[in-house]
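Some structures to go through are shown next.
Next, two complexes with chain A in common: one pairs it with chain B, the other with chain C.
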Partner chain A sequence: MITKKGLQRIGILLLAVLTAMLAGAVIILLSGANPLTAYYSMLVKPMTSLGNIGGVFIHFIPLLLIGIGVSFTFHAKLNNLGGQGQMLMGALGMTLIGIPPIGEALGAFSLPVGFLVAMIFGAFWAAIAGFMKTRFGASEIVVTLMLNYIAVQAINYILFYHLRTDGEIRSPRIVKMLPKLFEGTRITWGVVIALVLVVVYAIVMAKTKFGFNLRTVGGSIKAAKYSGINTKLYYFLSMAISGAFCGIAGAAQISGNTRRLTESTAGDYGFSGIVVAMLGSLHPVGLVIASFLMALLTSGSSMMQTDTGIPESFTQVLQALIVLFILMGMAISDGKVKRRKGGKEK
Partner chain B sequence: MDNKKKSLLKIEGITKTFGKVVANDDISLELYEGEVLALLGENGAGKSTLMNIIYGIYRPDAGRIEIRGKETKIASPRYALNKGIGMVHQHFMLVGRCNAIENICLISKTSPFSLVNQKRIAASLEEIKARYGIDVDIHCPVEQLSISMQQKVEILKLLYTGADILILDEPTAVLLPQECEALFSIIRNMTKEGKGVIFISHKLDEIIEISDRVDVLAHGKMCGHLITKEADKNAIVKMMSGDNVPDMSGYVKQKPQDEVVFSCRGIEAYDDRKAKTLDGVDLEVYKGEIIGIAGVEGNGQNELAEVLAGVRKVIAGSISIKGKSLRPNRPADFIKNGVGYIPAERNGVGTVPDFMLYENWLLRKAHFPTKNGMIDTKQVVHQSIGAISEYDVRTTGPLERSANLSGGNLQKFILSRELKKKPEVLICSYPTRGLDVKAACFVRNQITKAKQEGTSTILFSGDMEELFTISDRIVVLNRGKVVGERVPEQTTQEEIILMMMGEKA
Partner chain C sequence: MNASFLTALFASGMRQGVPLIYGSVGDCVSEKAGVVGICIEGEIIFGAFFSYLFALRSGNLWLGVLMGAIAGMISSLLVAAWSIYFKQDQSIIGIMFNIFAAGFTNFLNRKIFGVSIASEKIETFKPIKIPGLSEIPVIGEVFFNQDILTYLSIVLAVITLLVMKKTKLGLQMLAVGENPKAAQASGVQVQRYRLIAYMFCGFTAGLAGASLTLSTVGSFTEVISAGRGFICLAIVILARWNPVVACIAGFGFGSIQALQLRLQIMGSVVPHQFFIALPYLITLVVLIVAGHNIRAPKELGVPFDKESR
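Up next, the complex of A and B:
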């Protein structure tokens, strides 16, 4: 069922991506490169070989998982800017379970247990913000953002004093890694986990009372109260679940890619995940497409750097432009709706 | 009328319509210097619309306005202010963090950043305070002042701009009796200085005390000019209610049964501004009856409806249904035990504007239709389609966004959702407000039909005719208390209006 509003939404998103790329082309031109070559090495080249595609999927997994997590809060009209911290906490959980001696003792079980602990760690970290929001009315935007700094420094502390290996500030390797989906590539079962979780997300949002109530809370807090929903509980749960997904992203990153915990394990995924949720418009299929696109941009950026000399960080410029144009498009279309409504009421 | 007095404001033949609703129909009035003109009328009589026209917020469809004998078009509030028209709204227009001086800086034409100007404003405010006997701390942030003090800041603001046509929109609604006296003495000082005041109120006693003349509005029409000294209360009330006899044909009235299904005891509650608006309300609802609740806006009806529907906190009191006690402010508890609720706000409370109709069908449901533990969307769509056709909701179908429905159709949808659950009690808050005649009639018919099936209804309404037509009893609220109840057949609209104003019990 695609409604008129849905079509309009898709139009806005496509337009936003297109305008962002046009604006990006101007920047590339100004820095003296050919935009076509740059975009070719950024968007097409990563898909030309199996090895390169594996690189795209490395980014795809955490982006999708965090995108789902952020979507849970967006549905309740909350924001979770703490993906980075929650992902680090999840990564810590996986690492603690995966490294010797626990990892050795658990053997293959260290993977499911690790994922579970990562989920709990991530959920706990986000739940702090949920608690502050519901108990004291503290802005979840500020709290989640600040918790990122605390998480990074906490991880640094743990790495420095407790997990340091070979004189470097990083943890030992975990014992058991996620198996490869296709031998000879970097594509792991993490992709399957992420895709299954998208399906779970889709079912929860569309088919369960929980999902419906969460959307009601986001749609109108007064209507939610009218409808008998415990709005504070839902605020809290949406934060915690969001954190759980970010925690899983951390676990997938450790067990599918880096094998050990460092300060930078979470990279920029926390914020890129927000772009994924927005660009995917909270829709399950949209999230998959959006995280693939973002993964492409991220992994293509280094190829672009070698081919054209445009620095890798250009992707961040492009991401930011996409977000700006989405927000502008939404504001314009919502503005029209509001004006029409105002006219009707009078 | 004193011919020596100069006319400050004269309006003639003002007409304003919103869609099909005529809010102001050919209204004329005149304000002279040094007098208080009271404007009296029920809710929805068109007072606010008229004042918003004078203050430049709305443009009239027809009619002319003269200020001090010169015809003008008032294009904006800023223009009105420049012409010497000032208005104190019911909801104050003040910045809470700022003190009176800073708030006044905001509207003055000089730069708000200059210290010197602030001092000058402070000095002239002190002068105004002394001249009019206004006692208020101008250095204290406005949010720390009491409501009556904030009102004084508003008045100071107007006097500072030099306004001599002052509109006070229900200024006493927020005041305690002793605070009213202080306001009246300020008003008297203002008229002594030759200013003209338009004083809007529902309260007869005050109007008789403070005003020189009274203009009465009813149903958007001006229906009487009186000189206060010569008028008597009954004459004024008669004018307000008009002389239409409610048409009771077509509604079956049936004796309610003797069983109390729903009751509340000693309900006390705050409104959103933390002012205590309910002060010990007791109510007993018998099976299959319709209780009409009448009251002048702001006397606690909205809060009572919310408390009875379980969505507002109480300070004290208890609510029970069929002998079972309900926990206040736990809407889920109320829903489970068969309390239906039609909220006054259809978009945003009764429905989520962004949801499709079939999604809104699930609001305020204790049980969702499920299949294998999942919401059975097909069943939900099916149910909502049934309701849409049975209740004649005009829409493209269950996939339509709720926000796109007109008020009447949305109300029918909400009504069908609540009535399909066969509630024991239905709380109806202004169910026909803003609806056209046909839709309003449909809503009333459904409520009486539900009554025959045993549903009791508590009907909050500002429409006298509606209250008289379908209720079995009318309970009157005044200042957060029940002041009396009447059977419609044994009373008159005048009597109810007098009770609503606290004149009679």
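Up next, the complex of A and C:
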């Protein structure tokens, strides 16, 4: 059942999205375009044809998976900014298993094996940050970000020297792709995988001791400070699990969409995933809705650029504004912004 | 590796280090006041864009520098509002602000300059030889034949250190980062000092951006800062929150960057990707090595609430 507090939270989220869109409308107006046309291209047009909807789901899968991953770290009050690097590592894992000769030898098994390897690769990349956080007290924000830059160069090196295909810096195609969920669209079984993993996330967080302890470590359950939980272990695990999900996102991207690894396989999903986690309030249903909305924005932004000349990077502006307004709304509803008598804000 | 190679390397290292010096001097101050400079990355991007825009349109480099610094400072007010007034988590605000900064400058860049990838180059600041000092072998070339923004960065670091250590303003700033409640009790306006810290940091980050476009690169490219804001955070830890030591560390990182660029061009058995990743790898090493046994400002990153007990 939705509690009063939950309803209030939903209200804040909706208001934040609306306020951000209003602020966005001002920016669109100032740059000389019509906000209504722009928002139509951005939010409605991606849903007008089956082909376009398929495009939305292409973004939906990695966004949701990274959103779940980032949520695990948020529960422990950590920040994982390394979604891009971890997704790239996952994509590498899937590619290595999926391309010939291994891909041919494994046949259809290359998909589950590829996903597993991607998970391990992603988890490993994030675990470096988890290790540095717990062992040396290094800021996980700086470390995960540095690891992104390093991952891009590592992938570039592997593509350049080892997997180069037809003289271009990209890998060969993988042998087996995820089957389509609906024939004739771009919607693959990746959607089902992502949705199943949301359920897994929900169960882990709500029903298991691990989930309970993780929330305790993050401080969202009070009075458990002295319960003897190994905080460092949970910091490390939340980081590694987060990376595992980002790795899966990389595998899903290769096997459901691009079919081969390039340097830009991970796109901006790493950062958008943080927005998904914030907008979804770490709630399983919230994450699904938020990643659909972000997928819509990402997919619609290129249509908007074609239709109105508003650059695609407007999406990032809108995403950041949404989260900032959520934070503002939470501050006001938590009573962190005090009012003086007579209603004058201080 | 002969002397002339090393001289050229370190001279270039000094130039590459300047944005890092500006950014880390600002971060030293803001962290001392209890504010983590996650947002520096975004402020550098703002500074870089607006300094380029104004310098290009007006033909005046100094106007560019000024507008870059002001852009960094104004953008820091956005972060400060969310952090000080709404008392939200500094990390999340910083992350979102960086996304905002990257998106918004890309947006303006495309809108104002169109989609062409090659942007117009501007004449960058020219090196100024310091009479006498520039005659010293090696050192003269490395430190005393640089452009004005380089000299200013060192002057800024020294002044900042003096203000932090010797003046009432500086000491009160430290109190705000160490024990805001006691500071508040003794009549120091914690929020106001944190606001000043944010604005100063934004100002210097803006200068860092300006030095990128107006003395190193000569044009604006999207996401020009390339993680420099975060390298600044590592430099500040390495320098133990001392702006002058941060200068030396900035020079060190700049030299790594310069070495990296040279090794790429020279060609070697080691793949060039390794060299591009080198500054980021070194940053990780710094965090491991320098992160030990340090005492960061006590209330670093904790929002201050007057009412809370």
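One rule holds for everything that comes next: the second predicted complex is superposed on the first by the 327 of 346 C-alpha atoms of A that agree within 3 Å, B and C clash if a C-alpha of one lies under 4 Å from a C-alpha of the other, contacts with A are read in each partner's own complex, and residues count from 1 in each chain.
As a convention for this text, a contact is a pair of C-beta atoms (placed from the backbone, for glycine too) under 8 Å apart; a residue touches a chain by one contact, two chains touch by 3 or more.
Every value quoted in this text rests on a predicted model; they were computed, and no experiment measured them.
Looking at the superposed arrangement, the partner reaching more residues of chain A, out of chain B and chain C, is C.
When the two complexes are overlaid on their common chain A, residue A:Gly219 makes contact with chain B while staying clear of chain C. Contacts of A:Lys209 after superposition: chain B is touched, whereas chain C is not reached.
In the superposed pair of complexes, A:Ile174 makes contact with neither chain B nor chain C. When both complexes are overlaid on chain A, the residue A:Met330 reaches chain C alone and has no touch with chain B. After overlaying the two complexes on the shared chain, residue contacts for A:Ser227 are found with chain B alone; chain C is out of touch. Overlaid on A, the two complexes show chain B and chain C touching the same residues of chain A, namely 337. Against chain C, the residues of chain A that register as touching in their complex are 27, 31, 79, 81, 132, 136-139, 141-143, 145-147, 149-150, 153-154, 156-157, 160-161, 271, 274-275, 278, 310-311, 313-317, 319-321, 323-324, 327-328, 330-332, 336-338.
The touching residues of chain B, counted against chain A in their complex, run 18, 309-311, 331-335, 341, 343, 345, 348-356, 359, 362-366, 368, 374-375, 377, 399, 401, 403, 406. Within the complex, the chain A residues that touch chain B are 1, 3, 5, 203, 206-209, 212, 215-216, 219-220, 222-223, 225-230, 337, 341, 344, 346. Listing the residues of chain C that touch chain A in their complex gives 38, 82, 85-89, 91-97, 99-100, 102-104, 106-107, 110-111, 226-227, 230, 233-234, 271, 273-274, 276-277, 280-281, 283-284, 287-288, 291-292, 305, 307.
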